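Same chain, two partners: subunit A is paired with subunit B first, then with subunit C.
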Partner chain A sequence: MSVASYAQVFERCAAAWPAAQRRARRAKLEEFLRLGFPTRKLEDWRYTDLSALAERSFEPARRTAVALQDALLPRSDRLVYVNGELDRNASTADELSALVQTETPGATGVDALNAAFATPGLNLALGPHARLARPLHLILAGAANPQAAMTHQRHRIHLGQAAEAVLLVEFRGAAGGDRLVTQTFDIRLAPGSRLRLYRLQDEAAGSQLISRMDARLARDARIDIVCLDRGCGLARHDLNLELAEPGAEVELAGFYQPAAGAHLDNHTRIVHAAPHGRSRELFKGIVGEKSRAVFNGKIVVSPGAQKTDSEQRVANLLLAPRAEVDAKPELEIYADDVKCAHGATVGQLDETALAYLRSRGIADSDARALLRRAFALEVLDRIAWPALRDRAALLLGYPPPAETALEP
Partner chain B sequence: MLEIRNLHATVAGKDILKGLDLTVRAGEVHAIMGPNGSGKSTLAHVLAGREGYAVTQGTVRFEGKNLLELPPEARACEGLFLGFQYPVEIPGVSNLTLLKAALNAQRKHRGAPEIDATDFLVWVRECARVMGIDPKMLSRGVNEGFSGGEKKRNEILQMLVLQPRLAILDETDSGLDIDALKVVAEGINRLRAPQRAFVLVTHYQRLLDYVQPDFVHVLAGGRIVKSGGPELARELEEKGYGWLEAA
Partner chain C sequence: MATQPEDLRELMRRREYRAGFVTAIESETVPPGLSEDVIRLISANKREPQWLLDFRLKAYRRWLTMEEPKWAHVHYPPIDFQAISYFSRPKSLAQRPKSLDEVDPKLLETYQKLGIPLKEQEMLAGVASPVAVDVVFDSVSVATTFKQKLAEAGVIFCPISEAVQEYPELVKKYLGSVVPFGDNFYAALNSAVFTDGSFVYVPKGVRCPMELSTYFRINERNTGQFERTLIIAEDGAYVSYLEGCTAPQRDENQLHAAVVELVALDDAQIKYSTVQNWYPGDEQGRGGIYNFVTKRGDCRGKRSRISWTQVETGSAITWKYPSCILRGDDSVGEFYSVAVTNNRQQADTGTKMIHVGKNTRSTIVSKGISAGYGQQSYRGLVRVLETAENARNHTRCDSLLIGDRCGAHTFPYTEVRNPTARLEHEATTSKIAEDQLYYCRARGISEEEAVSMIVNGFCKEVFKELPMEFAVEAGKLLAVSLEGAVG
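Up next, the complex of A and B:
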């Protein structure tokens, strides 16, 4: 394995960094050179192969003009990065941009690479009882550069006691180009705070996105997450949620629908480290021709995390013979007085429902679309932000029907 | 309107229909009765074009067309409606979505434009009123959480909305209390017209007290073994099917 090209790029970048940063970055680079990209020998990376990246060479990405019109959501604030560079004109909350260096627990080579090259990202810190006035939309856009290019960013979201925020993290990419993108999020929720987090991924075919979110929930903190994935060449998301203190709550839902040729890998890990925690997880996927989805959902109930109440449900629709899905729930339970339920299914569209719809005159392809939409709605309906819900539904190909109510 | 000649059909490799003949003309109401497992639902599904039901012999003409070569959705668009014995629950597809998609698909087939959104709601609300269905239920998933009786009424609601030329109602009366039965009968009678026809699959005289059939047939062993007028239904109610099967 050779990752030498990354060291060469590092040397060229190093001159531009303040001396104070250089040492820490170099330490991370060395860590990366030692670890390399994760290989499939690692249990957590069995289905997603990054080994080809080692031989590649990526220049630091540069900002270019990108179209964002379709992404704009009303009554929200925006922080926009294009190829990792802040776009002040497109942003309404650029004061939240900062270089954040934080330690990532249990780092892999990718985390070290990310830290070595990190450029500024979102730095949201809310004091006790503070509340974001409007939802914040973090747009991480990618666009083609003349050469293969890479972007590495780190973000921090810290909510003080009983603070509240709504955040949409959007990974999007313009068609064309060859990109390596790593994005790391450090999320801390103080007691009683509440974060609604949406993660939307609509990258282009030429991109390889690796994202990682680590959230730590203090007493009675609550996080509601909806993750949506479509498109992309390769996307790997790690979502690690730690219910660190009693009474913390996690409501997590995800939906993925890889485009043809795409590879989507969602790894979630929910750790109940304290008693009286509650977690709900629902992940659904529709996998079609020549695409592949990986889902791994780990639930850990640590010793002493009594009265944990945890549920996980995973459902996949495989719609083509050459589609592939590897869905794996993993439970590790080290406490005895707990409620943990889980279930995973892989199936096809319900033939009985299909026959029923067709018997009413609805064409086969339309009936199938209605059933796919019905499957996706269970997750899409979790989006409590109507403009986002509509946009996400449209993006995934499930526009809302006109006839929604029969009330006078 | 419907001409079935020497129909043979198999399900899962099993011969179920074994030479069935039936002619239904416009304006007529036919009742088909018969013991459980005799093939009544199979006949209904074969006519509707359900996959998995293979016709091995015979012909079916509907309005002069060869029905058997049409896919199920085209049969519906031609004016055939099947009221299911076991209506299907489809969470995530609302009743309104189904109705509008079906109505527009059938209009498209006829070369008519899509229905106006307001006209649609007015029309569906009117049909729901006839069937005693709370309009709020129509925003829910198709049959989702409906009671048995509600599902059957919902079948008739769909029939009223779609206005088929031939409706085959498979045991729509089963499991209904007397009030629900009257509502279902009212729905059927409302649609009766010289240009329409009905095939009612039923076990009971009850429904036929409210919807007068012109012909009553007994389906046993995969064939029509006896046909008659409304009096045949009363005879069957008294004597059961044993005397026919023995014959």
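Up next, the complex of A and C:
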């Protein structure tokens, strides 16, 4: 495997970095060169093959103009990056931008690559009892570059004791162009703090997006996450949640609907490291023609994490030929006084429900649309931010039903 | 009042392994080590034809290039494959006895002690329906009962080394056709050095008149056992086969690396049951068998059916995934498993269901019980290929945890490439409910009895798949394995 092109790009970029930074980055680059991109031989990368990236060459992406109108949500603050560069005109919270250097635990080659090239990202730190006045919308947009381009960013979100925030992370991309994007998030929630996190992915077909979020929850902290995936050529998300102290709580939901030709891989790992933790996880997917969806969810209950209450469910609708679903819900349990359950299904729209609807005069295509919508809404309805909920529903093809008068 | 954890630990220590004795018998054992010469020696010893020696050598050369699998959720020191002796047989069996009367009485006594009846008359006198038994002692088969009666029905049931001599065409046709010689590290090792095991052939349209069974016994120190079993059910045939196994109580680990191949043709049905009770090691984890086994059934014919039932109570380490390749249209695969890990036992076991044909169905029911410091994993794969229209799978994995030092893990893989497939997987992990225990105790049932009742209820779905006599046996074995372990 040759990853030499990345080293060449690094040398060209290095001059622009301060000396101290350069050393740290070089160490990361060397780590990357040693590890390379993960291969399918690694259990965690069994269904997603990045080895083709090794032979590729990407230039650092440059900012270009990009349309954002459709993304704007009322009554929220914005921090916008285009191809990894801060867009001050579009941002209302540009003071939150900073170069973030954090260590990633259990780093892979991708994490090392990300750290070696990282450009500034969101740096949100809330003090004790602080509360973000308005939801924060982090837009990580990609725009076409003349050559294949890459963007690597690192972000930090630290909430102090009993602090509260609502954050939307949006990955979006304009069509055209070939991009490699890596995004890393370091999230720490102090005791009693609460984060509502939305992750929305609507990248372009030519993009390869690898994102990773590591969150550590202290005593009685709570995180509510809704993840939505639509576009992208290849998207891989790692979401690692550690319930490090007693009483922490996780509410996690996801919905994926890969476009034709897309490969979506959601990896979640929830570690119950302390007693009295609670986690709920629900992922649903609708997988159409020529697309592939991967879900790998792991729940770990560490020794001593008694009274853990954990549930995980993944449901897939596989609706077309030449499509594939790979689901792997895992449990690793080292404590006995726990309640853990998981379930996984792959299937189609319910024939009896379809027959019921048709028998009431609803056309077959409408009946199918209705059932798909009902399937998706179980996740979409968990979005507690109405403007975002409506936009996401529209984006995924489930607009609110038209107000039609019922026949008398 | 529920039993306190201290009492549990005390109770767990009382567990005993009733098959742990050694038979004092003179054996011929080749010196430890593995090389082409050893393989040639084994082959020559068994007077094998050239093609089989070639098969062994091919497997050995492949094995040399392979790496030991490390992905299973088990931990053990590296195995020194040169410290194992690959062939051992009681001296008295250098010439295979023609009838039971010629068998060394010490050997017969061993089986009597283990409760395996070998005398046909005794069997027939009993109330239970007779079972034909093939007994394998270290590397060789001692005796096979009811051969005559089976032959009348056209069923071939004999040690595989005998089949190589008597029915070379059949063996040549099917050996390695389900588990290729280079399938995995342990399958390659087995293909190179396998010694004995059973061969079953049920011709077209024949329903095997009795249960068939093989009993494996490891006796000699520092040996490995490499059994090879091949079962073929022709069109419309039916056979039910059961294997059992035990080994002496020793402080060293011993390796058992078996390969079992099943072939079911059109409308054929094979029911394969295992009651695995290899020595599990002591409470500190000293000794015990490493049970690294490749079992695979090929539903080659239309409407064929293969069913695996396993009760795994023994072995220090288990690495085993009895699988079904559902090639024929409308074929059915089933896997029912109860696995117990107590003390320091580790098990990584499950199944693979590969759906290839149309309208193929599979069912997986796995019940894991983990106690003491036991670590247990269910690892299963359900794969639906593009060709498998209307494939259907239902999987259930339940784990019961007894004590706070053990672990129970679930790693199910689901891979679906056909939009008409319907798959469900569900899994739960919990401990024995306090209210159930309380209910039983309030009605005058002792703690141990109550636990035994609850555990038996937990496993019932699997036990009902076993032939009746063995279900009773399995229930007893479970009681022994968990004796006092629970509360």
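The rule is short, and it goes like this: the second predicted complex is superposed on the first by the 401 of 408 C-alpha atoms of A that agree within 3 Å, B and C clash if a C-alpha of one lies under 4 Å from a C-alpha of the other, contacts with A are read in each partner's own complex, and residues count from 1 in each chain.
The rule is simple: a residue touches a chain if its C-beta (ideal position, glycine included) is under 8 Å from a C-beta of that chain, and two chains touch if they have at least 3 such contacts.
Computed from a prediction, not measured in an experiment: that's the story for all the values here.
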item	value
Side-by-side fit of subunit B and subunit C on subunit A, or clash	fit
Contacts of A:L331 with subunit B and subunit C, given as first, second, both or neither	second
Contacts of A:Q21 with subunit B and subunit C, given as first, second, both or neither	neither
Vertex subunit A angle, Cα centres of subunit C and subunit B, expressed to the nearest 10 degrees	80
Partner chain in contact with A:T39 - subunit B first, subunit C second, else both or neither	neither
Which superposed partner A:P321 touches (first subunit B, second subunit C, both, neither)	second
Subunit B versus subunit C as contact partner of A:S5, first or second or both or neither	neither
First (subunit B), second (subunit C), both or neither touched by A:A341	second
Closest approach of subunit C to subunit B (Cα atoms, Å)	15
Interface residues, subunit A side, partner subunit C - complex	43, 303-304, 306, 316, 318-348
Footprint of subunit A on subunit B - complex, ascending	48-51, 71-73, 75-77, 82, 84, 87-88, 90-94, 96-102, 105-106, 109, 117, 120-121, 124-125, 128, 135-136, 138-139, 141-142, 158, 162
Subunit A contact footprint on subunit C (complex, rising order)	71, 73, 386, 399, 401-431
Subunit A residues within the subunit B interface of the complex	350-353, 355-364, 366-367, 370-371, 373-375, 377-378, 401-407
